[in-house]
Amino acid sequence: MFRTKFRSIVILVLVAMLTGVLGVSAQDGSVTFMSTQFNIVEESDKIRTILADFGEVEFVPSEEGPMIDLLRAEAETGEGSVDLIGALHGTFPVLQNEDVLFDLSDLLAQLEENYELPESFVELGKLGTADYQYYIPWMQATYIMAAHVSALEYLPEGADINALTWEQFAEWAKNIYDGTGEAQLGLPVAGLFHRFLEGYLYPSFTGGMVTGFKSPEAVAMWEWFRDELWPYVHPQSVTSYEFMQEPLLAGEVILAFDHTARLINAFNDKPDEFVGFPAPTGPAGLGFMPVVVGLGVPYTSADPDGAEALIDFLLQPETQGRVLQDLAFFPVVGGVDTTDLPEGVAIEAAAVEAQAASPDALPALLPVGLGDRGGEINEIYRNAFSRIVLNGEDIQTVLDDEGAALQSLLDETGAPCWPPDAPSEGACQLQ
Amino acid sequence: MTTRTLDPVQRRAIRQRQLRRASVYALAILIALWILLPIWLIGTMAFSTQQDVYGYPKQIAPIPFTTETMEFFVNQEGILEATRNSVLVAVITLVLSTAIAAPAGYAISRYFFAGRDAFRLGILAVRAFPIVILAVPLAVTFIEWGMFDKVYSVALMHTALTLPTTILVVSSVFASIPREFEEAAKVFGCNAYQAFIRVVLPLVIPGIAASAIFTFVMSWNEVFAATLLTIRNRTLPALILYSLNKSSLQFQYAGGFFMLAPSLVFIFVIRRYLFNMWGQITK
Amino acid sequence: MAEIRVENAVKTFGKVVAVDDVSLTVEDQEFVVLLGPSGCGKTTLLRAVAGLGIVDSGRIMIGDRDVTYLAPKDRNISMVFQSYAIFPHMRVFDNIAFGLKMKRTPKDEIQRRVQSAAELLHIESFLDRYPSQMSGGQRQRVAVARAIAVPTEVLLMDEPLSNLDALLRLEMRAELKRLLAELKVTTIYVTHDQIEALSMGDRIAVMRDGKILQFDSPTTVYDMPADRFVAGFIGTPPMNFLEGQVRRANGAIEVYIGDYALKPIPEMNETLARYDGQHIVAGIRAENMEALDTPAEDALRVTVLVVEPLGSQNLLTIRIGEDVIKVATHPDFRAAPDQDIWIRFPSSKIRWIDRDTGRALVPDLDKLVS
Amino acid sequence: MNKKKWNLAPYLLILPSFIYLAVFFAWPMVRSLQLAFVRDSQILPVLAEADPDADVVGRLEMQTQVAVVDRTRLDEVLPNGRTRPVYWFKIVGETEGGEQIEGWTHQKNVFIESRTTSETARVTSGEGAKEWTLDYVERMINDYRFTNALKTTLILIVLILPIQFVLAIVMALVLQAQLRGSTIFLYIYAIPLGISDLAAGLVWVSIFTQRGFLNTFLQQIGIINEPFIYLSADHQNWMIVAIVLAEVWRATSIVMVIVVSGLQAIPREYLEAGELFGASLWQRLRHIILPLLKPSLQVALILRTILAFQVFAVVVAITGGRVLTVLAYETYRWYDPGDSGFNNPNMAAAYAGFIMLISLAFAVFYLRTVRTQEEAARE
């Protein structure tokens, strides 16, 4: 009796050791593509399917921090496993600082012969230098608004859904509340809500993201947000809403703001029930946040030719079209066939187009130059929100407190101002 | 039953006795329900149709019964992988922890040596320390050593976390084997090693197996270290925690049940040893 | 030949001296009982002989071999443990065969020896059982069977009967005695039960505080205890003690208990003379006094406190001065509490003890303590 | 001759665990303290020549603006076969002390608009320099979320522990009553031992969520007309209630097990004596059971408190970790390199250290209070 028990334990150990050994060994000669985008399993799957058409690609989704650590470590040894990286614009300044990326100027020249790349994005890829192309723009995304058709009847009179002001938007949310008895505007407070503050509210009301952080305009904005908008926001926004497509589909909210990739399921599943529209305009313009994703090649790449070929593949209008179709990230090259888009993507595309084309458009970049402390700036905006809106603290006090934290973050990292704030010599300064 | 008539005082005493017993029963059942009801509810959700999962009001039994929701969960990319990681981590932890703890537990229970009390105290102190204090620097160290995001690094961490408990449990298991068994073996011709293998080991294996299962459960459930130490090779709890707000209700309910189910079995297996294990530690 | 010789053994645990410079020789095939209250060092001494504890200093010889530092398995000994230490995961057969297997005895011989050991202890029908399926008494038999199955000349027993109930103990006591007489092994038997010691041992070593107080045959230990402790520890009831004063009267030595004079035997005169005028303790066993229901010339009048009829005798508790003593009488002797009776002390049965040292006073002390 | 043998065996036996705990416990702990109190800053060593091994002529702070007076280009051949142009710049800059420094540096250490033509640059990296600092601790204490986390953590402990202990003692007494089927009750009561905080959180979310079981139940018996939203920023008390219930549900078993073991160690006679002398259940509990259980309760209390400081998955599952947060979750967030975290191990270490400190303080407090009571009793 005891003996058989003992034997089964021994077998268990052996099995464990074997699986451990097998689990560790995974090597091949393909191009390794590490990306901070598409690191949710469903998305990883889709991009892998697209990449399969290029050939042997090992797609490795990663968080930003570990990717930077890995590249740093590989640069030290001189030999690397990562051939190509895909990351948000905001990730690249850190890599620039580490000097781990090839200058892709030559590749860019070749690519520009075949593809039509927007000059502004190419310029972003130089990260403030004149002649060092750190990344090639890969794709873009942004944040837009979504509404269930049932919400449209509450739209304030005379308001144009494609040219709303924030005042009208708040009125709309209030109308819904008055009409249905429930707060049905959803904000992804558990998700990427900080972008809403940084890229939408602040630019729309103060004209900038950082410099006007504690300005009188900002105080007015917070007052408005607290009193006019927040009462009509669904309470579970704070605790549960990270991807707004879920509550939209579940019918808990009928009006929402989120990243295009986090709304797409709603538009795709029920294209007849949901409409997409641009963010509203504020006194200073229509602040919105385009998200640029770039491709860079670490000089430790074992196969830089393969990496460059893969960049070429990813920029082909056909590939860009498929990424748009399947993953709802928008193309950076011209000539992408948008006639046959899935309905959901088409809805988003129209809203994105309208948002960018607005005469008052005030595109706000993701924070730049904060290095590995990029996460902290988001927390400052979130803290301001929590303290002012949730806790009801005095607005000016909170903004002064958090503004001080913001200023010291900027000083310590030496980050100069980035759009929509006016460029600065040295670290960006709050007004 | 005797049919002899009892005087009223006796009858009242009997009735009071029965009443008291019944109320203890009622209390016992009430507490059992308090523990079982939530499990039943999450089980209900895990085996309801998608429609019922999203539906409101909720049902309190999985009718119609379906494995659709569980399938949805299991078929999520990464779940099987994470489950495999979790099992792997737990098994490595169990083996490592038991292998390292067994000799130490034996030493503590069988030898009087200088520093024994200090060692015991040290172990208690380790157990009393917050995991968080270890996880952060270990994560940093593992990155430096190139061991970050590996299944075995989580197992190493879990071993450190479970080792103190395992040592104390194992030592109490050994302590429950009378020293005279070993002495008898020695008198009748065994050396220390033979006495251990022939007499002590067969007797402690059930107890140690119980402690190993407990180690397994601790590792299986551990979130903090697993979340800090992994990015791609997430263990199940780490993966679920990570994708909590991103995921649908179906995912959450099924995930909750999926994590909880093995515990039902394991605790059942080791229930007889629980007091053995914890009782002696507290001394 | 397996004589056991312990020479100047010392064993300490921290500050406690468990065995204090003990020397002891157990003759070949002799049955020696180590008797004493718990904590007297008897088990420690036995374990030192077994090799389960190594003495701090001194020497232990078995036969001609110095085994002081040898491992137990190399001492060619056998042992019965207080808790039996029957392995719960082995059948009775394997338990009994354990020592033989360890010594790589041939299979058929194991079979034979286990069988005969089991028969000797009447457990041959339980060989296939696990210990958990047996009663305490049966397990005890298994423990003994295991010990005698191995061919050894030394058998050590550590309170083997203490976990049995009274009736079983009585039965096993006789059986063990018969068995050991048959086996002709040298045996050391540890117990705190003086009846066991008296009834079984060839010789008894009475221990206290790590020292042997007296090592002699049961009758000597009973009749001529070497000191007050031994006298009080052995016997049911233990020996009575009366304190008296030595006086020289008319050339004779007398010891006064109050007004009553005890008359020592003449052989003691010389020894007791040295205590003239001092206090001394007289020891006498309950059965050695004579109780009378009528006054007699040389009898002491006392008052009965308690009467305990025990069947074979009546045990009276009486008070004499400050002391309370027990007197055994014939069962026909009638007495009731508060009744006065008279007691006579036969001179030859009185043992004299030094009040301060507790040592027994005998004409030739050295004869008693060998 | 006093031949006391020095027995090596026990030391050999504990050696593996000793080494393991030293490597994976003692050392990380030291490391943790170091992380919390040491800043890794950078300073640029300016070199005499365009060569990494050249002498250092001076050091410049980060973000110093420098003039580029000369440059040289090297072509580095990489293992992948490509060549990479690498520039060295001769720079002139001023230290914080106002000293002029002129020397060479590698391109990776400066930000420069154009490597071929620009005449100014900015120092952006250098070599590591460690310095002691209290900045992380200060930042932690001044952090807006710190107060929230500390407050919530303490509130939870104060609410959860007493409920758990009362419930655990009741459970233990029920088990002690030797009902028929008590082994089944024992098993059921022990089930939560194997349930993780995360699973418990998920279970209780399913009860408290807007479309959850609680609302279903209340609506069906007619107490409410429409689903009530418990888990929202406006109803933080409800969130606390949900967390407390989840924690009581999940973590009472361990206390129960310890209490039962303690109860079993109390000789039955004591209780029977109490009963015989007419003590009611409450009196027996108050005067016999609880005093005798004190050591067990003390152990359980310390264990539970320490564990309570570490739980965060329940809180995250129920509150989302934003409105209400606890210290352990803050630790995780500061460490987390993912998009909800700040990737700052130093701050995480400061939080971890704080948790350790406060756990120890509680443990010492418990030990103290119990001991003084005992001493008082002895007098």
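First chain written, first letter: the chains are A, B, C and D, and each begins at residue 1.
The definition used in the following text is that a contact is a pair of C-beta atoms (placed from the backbone, for glycine too) under 8 Å apart; a residue touches a chain by one contact, two chains touch by 3 or more.
These numbers come from a predicted model, not from an experiment.
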* Most remote chain, CA-based centroid, reference being chain A -> C
* **Which of B-D and A-B has more C-beta pairs touching across its chains** => B-D
* Which one chain sits nearest the middle, judging by mean Cα positions? -> B
* Find the geometric centre of each of chain A and chain C from their Cα atoms only, then give the gap between the two centres in Å, rounded to an integer. => 91
* Structure fact -> Cα centroid separation, chain C vs chain D, in Å, comes to 64
* Structure fact -> So, in whole Å, the Cα centroid of chain B is separated from that of chain D by 21
* Measuring from the mean C-alpha position of chain A to the mean C-alpha position of chain B, what distance in angstrom results? -> 40
* At which residue positions does chain A touch at least two other chains? -> 2, 63, 66, 69, 190, 240, 242
* Asked: Mind pulling the chain B residues that touch 2 or more other chains?
  -> 54, 202, 231, 245, 249
* To do: Note the residues in chain C that touch 2 or more other chains, in rising order.
  => 89
* Partner chain A, residues of chain D touching it in the complex -> 62-63, 65, 78-80, 82, 84-85, 106-108, 111-118, 122, 124-125, 144-145, 209-210, 229, 231-235, 239, 318-320, 322-323, 337-344
* Over in the complex, which chain B residues touch chain A? Could you list them? => 54, 76-78, 84, 88, 91-92, 95, 143, 146, 148-152, 202, 205-206, 209, 212, 231-232, 243, 245-246, 248-249
* Asked: Any idea which chain A residues touch chain D in the complex?
  -> 63-66, 69, 78-79, 96-99, 102-103, 128-132, 189-190, 192, 235-236, 238-240, 242, 252, 299-304, 372-373, 375-376, 379, 382-383, 386-387, 390, 401-402, 414, 426-427
* Structure fact -> Given the complex, residues on chain C that touch chain B span 50-52, 71-73, 77-79, 81-83, 85, 87-89, 98-99, 102-103, 146, 150, 156
* chain C partner contacts - residues on chain B that touch it in the complex -> 178, 180-181, 183-191, 194, 199, 202-203
